[in-house]
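Dropping a structure here in structure tokens format, bear with me for questions.
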């Protein structure tokens, strides 16, 4: 028997694979391609207090082995989410992680309080979105601020709190320690790296927003390094992400220290990516005769 | 007539293309493939006061659209460089930029002083190598330190001083301003991003040094964004680099604000890369009827 | 889905037609929908969207222009090669709105999906095709009205000029369907408003998932309280021209 | 340089032989040198090094095993496809050291370059080939002494056992040339030292440029003051076994 179960911040996942926020819609868009009940968890797109239209298009650019996006937290707002999207989601036997964003700490707290008593598994605190002027990365670049936001939201939250960190910092370990000190139950890393693409012919940036967040295989080496560094420095579990396309990629993140992983950009490439990753992990475990997936977490021999 | 000449920190370059330190050896290795006299400048591998063996192999890993290296400043030391390598180099009609590294500020200064009266065009201060324990990135991550190192070296240098910045920071603009305040004549950006690659089969890091510096097309979006941000913030010229493989890539960096560009990883892929880039820039200028390359520096319409 | 390429041939300079067999897509596709094609190059990770240009039996046809590195890679595929394709995606033209007569207006590569549309509407449509210079696909339409900007063939001028001229003498139609560059769509929209004829336009935007999840392919659509971003891939690519806000 | 592939065929499970025509390389290559091949996939940016296995006229042969995604891509190339290759690179075996008799020892894929070497030395060499199980290339050597780990063909055991046995009865040779896995090279080195026969080994290391500039392909070579890192690509891949420090 191969045991793929893991636990993150008290959430039991039947396998270590969730979706990266913003790349899997509210889940139902993928129901045609994927048996959602097979997922370890579903992490939905960032939710804010008020509805948001996001940034003007073009919002995506292709870069070598990566993409840039500048969606900018477009979402229907927490009330509509609760009324229209959540009821669809909770039909599935899968823990739901809600990614929360806001302009101010108080906004984060209010979103959390509106969701506190609903059947969701955890909050993922998004203090790392590079595509908005307020909140987002501005909160996630300074350890003091990370600790403060985490603490305030944690105080008002009845669910486990996962803090999603920005890679656009000098020391990801300082960010991670700050989130721990603030009371985070787990960490998600990494969000996107701030980047830019230019069309030499028109002499214009490709994204209307000029800059955007870089994701996909291109950033995997950076994400792996950050997971590795943070795993050595803190004791709370890590959800690793950044360019995971295959089961082997997922295994690499787990060896580096991630307890679970999230599949993001890969969903845009292959609608069945998240299942392919789960199957790939299973294959690897079989091939290497690994009984429990927990045994490979942090098992890198370095 | 198409005018490709640019000037960086008083160095006249017949075209805006130099080589990225460490990827072009001491130049002569490429003489079989490239007419070195065609280059705008040659930037040589980091030179330290004492010879260095560098890190143990494997020192290179391939990543999606990129590579990781952990060479770790292997070099024969400044004295041997002066005796054996420099005489070969100065036979060419090309400005030579010497990349300088050290464990301590004093070591940087001593290397500079040994080279001060030799026919080189400028120093490139390497405070951004991610592959050494002392000096390198440790100097390049903190604006105060950047300003201090720059100032001290500038005081002892008789040549223009180019400061090469690390992208592994929260604010590249803060780094750039610090280098300016320290008296830098120009900036090189970017050095490599700290990353890691893992072999899931052996459960080991691929690099013996565990982590390494990420370069190549994968990092181009990050490099472009940093050049763009820094160009808006400071007034000294920028040598842009990070994943330049073609003339069009080079043009993108110049539109973002670079006055010159450096070709790095591309040399490892195609020994003639640096010439291909020069020719590609020329083609673009012809196609767009650009008389002087200076006209496109910072000409992004955003 | 893996599909096998039947042919991939040059129609005009830089413009290719590809046929691949895919029963699933062929069976369920309607005109104006698109397919999303993966490139066989690990450095290019996004799929490329192309309108379904025709369906014959199990065979799906697309017509595309080489614009950048992705379409260049696609253009090198050969008969027998496999492609990974998902589709049919999006909401196409509403053909139920055509009772007696539809006007179909296409410019440039926007002509591609109109072939399938015109075949579905058979003799209930009048087709206007606008080219820069080189014609392509024109022989597959029945009696199209052709214009070229250079005047090489058909009317000299824009396709919208031909449309206007036609409407002057015969100003009635159930609907106008249009696909082409934004400038053309804007012109068609204003013509349709002038004549009070409903109009559907097919939009383009850079895409990620193509299935409505990633929210990158936004277009501005009128709403009671102003406008909302809607998804070209899932809410479109075909929208009522009246509702589309063309920026700039 | 662009070269055209003549064939790319399976020799044994996972092991291929490729032939391409390239007069420049063919004319100047010596045994033990390698070629550096670019992949036709933009996500894989490093070239892949392969020893030159043989030269016949203008035709260059390599023999390679599918190990990872790069060699997988190469294995799918077909006759007529183009490859971008640079070479010949590195310093090969010093054949001038063979006056009367050389012993050539190869294990696994290390056998590839020894074919060209043995042909250059013709009847002045004795060839020892070690396989795990499946043989390949063996018919192209003249009277090789074959061993397999599984005992399927030839001697059962390691190629170094066959070498030792041979040297016991006939302990003289000008030089030993060896190519294969590190474990085998270490064993050959100690045998050569035991018999006082000079020995050259061909090393492998992960490479970047392949032409001596990037300093990533280091190996430890003895020096007066201890050791230095030297470049497998430019100072090697062939070194005197005595001078190589095998780590671990």
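Chains here go by letter, A, B, C and D, matching the order in which they are written, and residues are numbered from 1 within each.
FYI, contacts are C-beta pairs under 8 Å (C-beta built on N, C-alpha and C of every residue); 3 or more make two chains touch, one makes a residue touch a chain.
These are the chains along with the protein names UniProt gives them: A, B = Dihydroorotate dehydrogenase; C, D = Dihydroorotate dehydrogenase B (NAD(+)), electron transfer subunit.
None of the values given here were measured: they were computed from a predicted structure.
Participant: If you tally the C-beta contacts for A-D and for B-D, which one comes out higher?
Facilitator: Contact tally favours B-D.
Participant: Find the geometric centre of each of chain C and chain D from their Cα atoms only, then give the gap between the two centres in Å, rounded to an integer.
Facilitator: It comes to 56 Å between the two C-alpha centres.
Participant: With centres defined as the mean C-alpha position, give me the chain A-chain D separation in Å.
Facilitator: 46
Participant: Rounded to the nearest whole Å, what is the centre-to-centre distance of chain A and chain B, using the mean of the C-alpha atoms as each centre?
Facilitator: Result: the chain centres lie 34 Å from each other.
Participant: Report the inter-chain centroid distance for chain B and chain D in whole angstrom, where each centroid is the mean of the CA atoms.
Facilitator: 36
Participant: Show the residues in chain A shared as contacts by 2 or more other chains, in ascending order.
Facilitator: Chain A, residues with two or more chain partners: 61, 64-66, 216-217.
Participant: Going by the contact rule already set, what residues in chain D reach two or more other chains?
Facilitator: Where chain D meets two or more other chains at a single residue, that happens at 42-44.
Participant: Touch graph across the chains, line, ring, star, complete or other?
Facilitator: The chain contacts form a complete graph, every chain touching every other.
Participant: What part of chain D is in contact with chain B in the complex they form?
Facilitator: 38, 42-47, 70, 86, 205-209, 211-219, 228-229, 234, 247
Participant: How about chain A: which of its residues touch chain D in the complex?
Facilitator: For this pair, the touching residues of chain A are 64-65, 217.
Participant: For the complex, which residues does chain D have touching chain C?
Facilitator: Residues in contact with chain C: 41-44, 69.
Participant: Would you mind writing out the residues of chain A in touch with chain C in their complex?
Facilitator: Listed in rising order, the residues are 22-25, 29-30, 32-33, 45, 53-54, 56-62, 64-67, 69, 71, 74, 206, 216-217, 265, 267-271.
Participant: In the complex formed with chain A, which residues of chain B make contact?
Facilitator: By the definition above, chain B touches chain A via 61, 63-66, 68, 141-142, 168-171, 193-198, 200, 203-205, 210-211, 214, 216-222, 224-225, 228, 243, 248, 251-252, 255-256, 284, 296, 299-302.
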